[in-house]
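Right after this note come the structures.
In what follows, chain A forms one complex with chain B and a second complex with chain C.
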Partner chain A sequence: GDSWGIFAFLCAALCHLPAVPALNGTDELGAGQSIQKTYDLTRYLEHQLRTLAGTYLNYLGPPFNEPDFNPPRLARAERVPSATVDLELWRGLTDNARLAANYRAYSRLLCYLRGLDGQAGTAELRHSLGHFCSSLQGLVVSIAGVMSSLGYPLPAGTATGPPAPAGTPATPNDFLKKMDDFWLLKELQTWLWRSAKDFNRLKKKVPPAVVTLRLEARGI
Partner chain B sequence: SSTDSHIQYERVGADVTMKCGSMDRDATVTWTANGTDIDDSHLNGSYLVLKHVDLTQSGQYSCYEGSSWHLKYQTYLRVGLPPKEPVLMCRSNNYPKGFYCSWHLPSPTYIPNSFNISVIHGTREMICERDILPKNRCHIRYLQLFSTVKYKVTLTVTNALGKNSTTLTFDEFTIVKPDPPESVVAKPVPNNPRRLEVSWQNPSSWPDPESFPLKFFLRYRPLILDQWQHVELSDGTSHTITDAYAGKEYIIQVAAKDNDIGTWSDWSVAVHATPWMEEPKHLTTEAQMTETTSTSTSSFMPPPTTKICDRGARVGSGAVAVCWTAGLVLAAYSVFFI
Partner chain C sequence: FPLFPAADPAVISPQDPTLLIGSSLTATCTVSAGSRLRAQDLYWTLNGRRLPAASYAALGATTLSVALARLNGSKQQSGDNLVCHSRDGGILAGSCLYVGLPPEKPVNISCWSKNMKDLTCTWAPGTEGETFLHTNYTLKYKLRWYGRDNTCQEYHTAGPYSCHIPKDLALFTPYEIWVEASNRLGVAVSDVVMLDILDVVTTDPPADVHVSRVGDLEDQLSVRWSSPPALKDFLFQAKYQIQYRVEDSSEWKVVDDVGNQTSCRLAGLRPGTVYFVQVRCNPFGIYGSKRAGIWSDWSNPTAASTPRS
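After this line comes the complex of A and B, so read on.
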């Protein structure tokens, strides 16, 4: 009943957090190194997620933990930001747009992730979820850092967090809620794959850092 | 079984009865198989009865009226099998452009087969364009990247005796597998008896190595040992091996993988190289000395001297000689012109 209200409130509050620490700390690092760190972080998270998702899907039980499970997307799932994009559009994204898309996506994904069933499974599972959320927050902060070191403004509107979708009542249907969780994890996984590619592209566009890294590799 | 007036397909092991066109059942006829008369024991009146047909009985069967030798009926019998479940494989060696699927039958049917492939992505049906060569292959272009929805590919094989199908369901990321690196070259390093310089190129099928960089895996071992050594390289298309056994011929291969997704390519074509050696004083019975051609020149390189303009016994020293010569010439000219 009022769990959604509380949830929406918490998200609104929590989602203000990432904006604050981003303003300091990363300016000393070259943008190139920040990009490299962010890239490394996405790879680390992707790796962590593999284990976490496996455990969580087992907690949800069949059919969600079946490898061939391939359900159609229901309209309600659209609120989770999708990484899917037209190829040429993705190629043509400006650095700012590319970073902003990542920032927005992870901010919202983080919120939803924090909203995952608080009573989920074992204490171990809850602990893993908590740990992952912290790491994911680190990613959001890292992206914000890259944006600020490149002089881009942080996207407005992410601080409000994902609203409880209008007209959608608190999920009485356990199955639909599990479906939402399934798609959340899927989108998160896809975003992490996409981000690796996004940050690869960004890496190429920040020459001084590239030169530094190459020199280091040659032992100079 | 299906009966076409010209071709008749029957299953191996089946019993086949052929009628002589519109002739009465008890008419007198002669049947031939590929021109050879068929023994009466196979006849039931004017019907030809073949029991438990096998592949050798494929051929042209003709029926002639007894006395007039008019040809009354002719058919081509093809004995075969219904298709077994086909083997289907899909792979993206040109990410992010698209992917291809290829297939084959695990065992022959001995009769013509037709293949139909369908690709469904979410609610959308996509067209997989058939390749001309190789035959059993089709390719598809990605319309979107970073999709959360799986692709479902169904291959159906049909022939006159039956049909069968198989389905693959996969995520965009899991089928990424580049082709092996190309133009792998391994060279000895002058004056370095334990080094080998290896270089290669991105596979030409990989369309965008800038945005989708590849990482590489190098493996090498001396021919005389079974144990490989491995190096993983996240950047660049060259590497110097620094721990080669002096004087031993090496076999070297490279594989590629997208930096973040998918699986490793197959190993590249193997190249052989032997590290640089001082001019050998006395050859023992090492077999490798006699067989290698491309790398044997390295064993005959003259010992390093301070003399720069050698005739260039090898590509390596030759290039250096050219460089030095060019340098001297340029220096001479510049002095001349100043």
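After this line comes the complex of A and C, so read on.
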């Protein structure tokens, strides 16, 4: 008799506890942290790239390191994923599509970056390039993590290197290579700048209620 | 930004040439067949600076040449940027000029083996140093009486002109070692250095350096250490050296005649003073040879103070 009463009382008391976050909720919290990390990494890379690009463009020499240098984008440089798209169009994409575009772009940018002249410049420059590539690899993995935690499938077929479009000669001349390098760095800068905004916006989409729920559960 | 069809808008000749400092060059820029541009619509820049029209010449309707005399060494190792522009400043084509000197013979090859396990060599570029071209260095080695050349793989381990050979080194037998320097203008080979690994052995600094007072004696300190463990199986007699200084001085006093003891007493010191002490080791007489090895680095400084008077 009394034990049931106590039991009922306990049940009632327990029922007034805020619910433990459902499994979905935990995933979203995981995604929130993932997005934050990716955002931080993007900002870090932006910062690194500023120094790296400056040094590399000095290595290429004038006019490549002049502030308003804007060379033509010849056919070869077209292979580098361009970051300049219609902003309205970009914002209109679903989160999935936008994340997938980021993932694909950075995978290819990483390939191109790794293909930069292995003998380029001083040992210091090569070392900075190597370090940047590792960090960029981390970004690709990080974006994959965000996509998976949000339940999105990873875009297929980006593991392979960039295919050379038909008709391009196997070895462009050294000056064309310099122009390619210039555009690679420029596009990388724009991608990182825009990705930071993308991840910042995505971060705000993670419902704050889930966060408070978890904190209250901890407080008991 | 302007986009061009698959064919390049213009062609420069020569494309990416390599030249000796002081040489002259005449380059031509030919606009491609479909272009409406003519020779008089073009101009040249070198490393961003416009070249004087006086040095131009039109060779036909669609080709403009430029004469460059007595070229200086390339401004950057990636090559000087010689660019053909259309009148509005747009870039039509470019060529990278590599102007420099052939490499000098590398000199001062110096090698050491850490605990007989490996070999690290350093060298210096030849006396001129600056060739304006990227120079590749390759360290090669072979056993003296056995034909095959080996190439060192791990570079920059001890500075920019260094290489490290981590394994597969024979003892008691001479090696021939040399460095090849190559750039776009040629190759230079250093003199061959001959050495036996056992002649250039160095070791880790002595371990467990302890400095303590000698009772109440105000002018003495006792230093004790252990011999480096890595060579204990190789029948060597270590030679040691101690250096010490007072805390606020940068002048080291060296004690040279420590022999192969692992302890030593410093005397004639100032009372009530803090001293820094370091010890280093020379693996003298490896496997019974009479030759000295190479001094190790100094141990980390150990501090102690003499009693006040």
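Methods note: the second predicted complex is superposed on the first by the 177 of 220 C-alpha atoms of A that agree within 3 Å, B and C clash if a C-alpha of one lies under 4 Å from a C-alpha of the other, contacts with A are read in each partner's own complex, and residues count from 1 in each chain.
The definition used in the following text is that a contact is a pair of C-beta atoms (placed from the backbone, for glycine too) under 8 Å apart; a residue touches a chain by one contact, two chains touch by 3 or more.
Computed from a predicted structure; not experimentally measured.
Contacts of A:R98 after superposition on the shared chain: neither chain B nor chain C is touched.
In the superposed model, A:P72 makes contact with both chain B and chain C. By the document's definition of touching, of the two partners only chain C reaches A:F64; chain B does not. In the superposed pair of complexes, A:K37 makes contact with neither chain B nor chain C. In the superposed model, A:R114 makes contact with neither chain B nor chain C. Within the superposed three-chain model, A:K186 lies in touch with chain B and out of touch with chain C [touch as defined at top]. Common to the chain B and chain C contact sets on chain A are residues 70, 72-73. Contact residues on chain C toward chain A in their complex (touch as defined above): 1-6, 8-9, 12, 15-16, 45, 47-49, 75-81, 83, 90-91, 93-96, 134, 136, 156, 160.
Against chain C, in their complex, chain A makes its touches with residues 58-64, 66, 70-75, 119-121, 123, 167, 173-176, 178-179. Against chain A, the residues of chain B that register as touching in their complex are 96, 122-123, 142-150, 152, 169, 173, 210-213, 235, 259-261. Residues of chain A that touch chain B in their complex: 43, 46, 68, 70, 72-73, 82-87, 90-91, 183, 186-187, 189-191, 193-194, 196-197, 200-201, 204, 214, 217.
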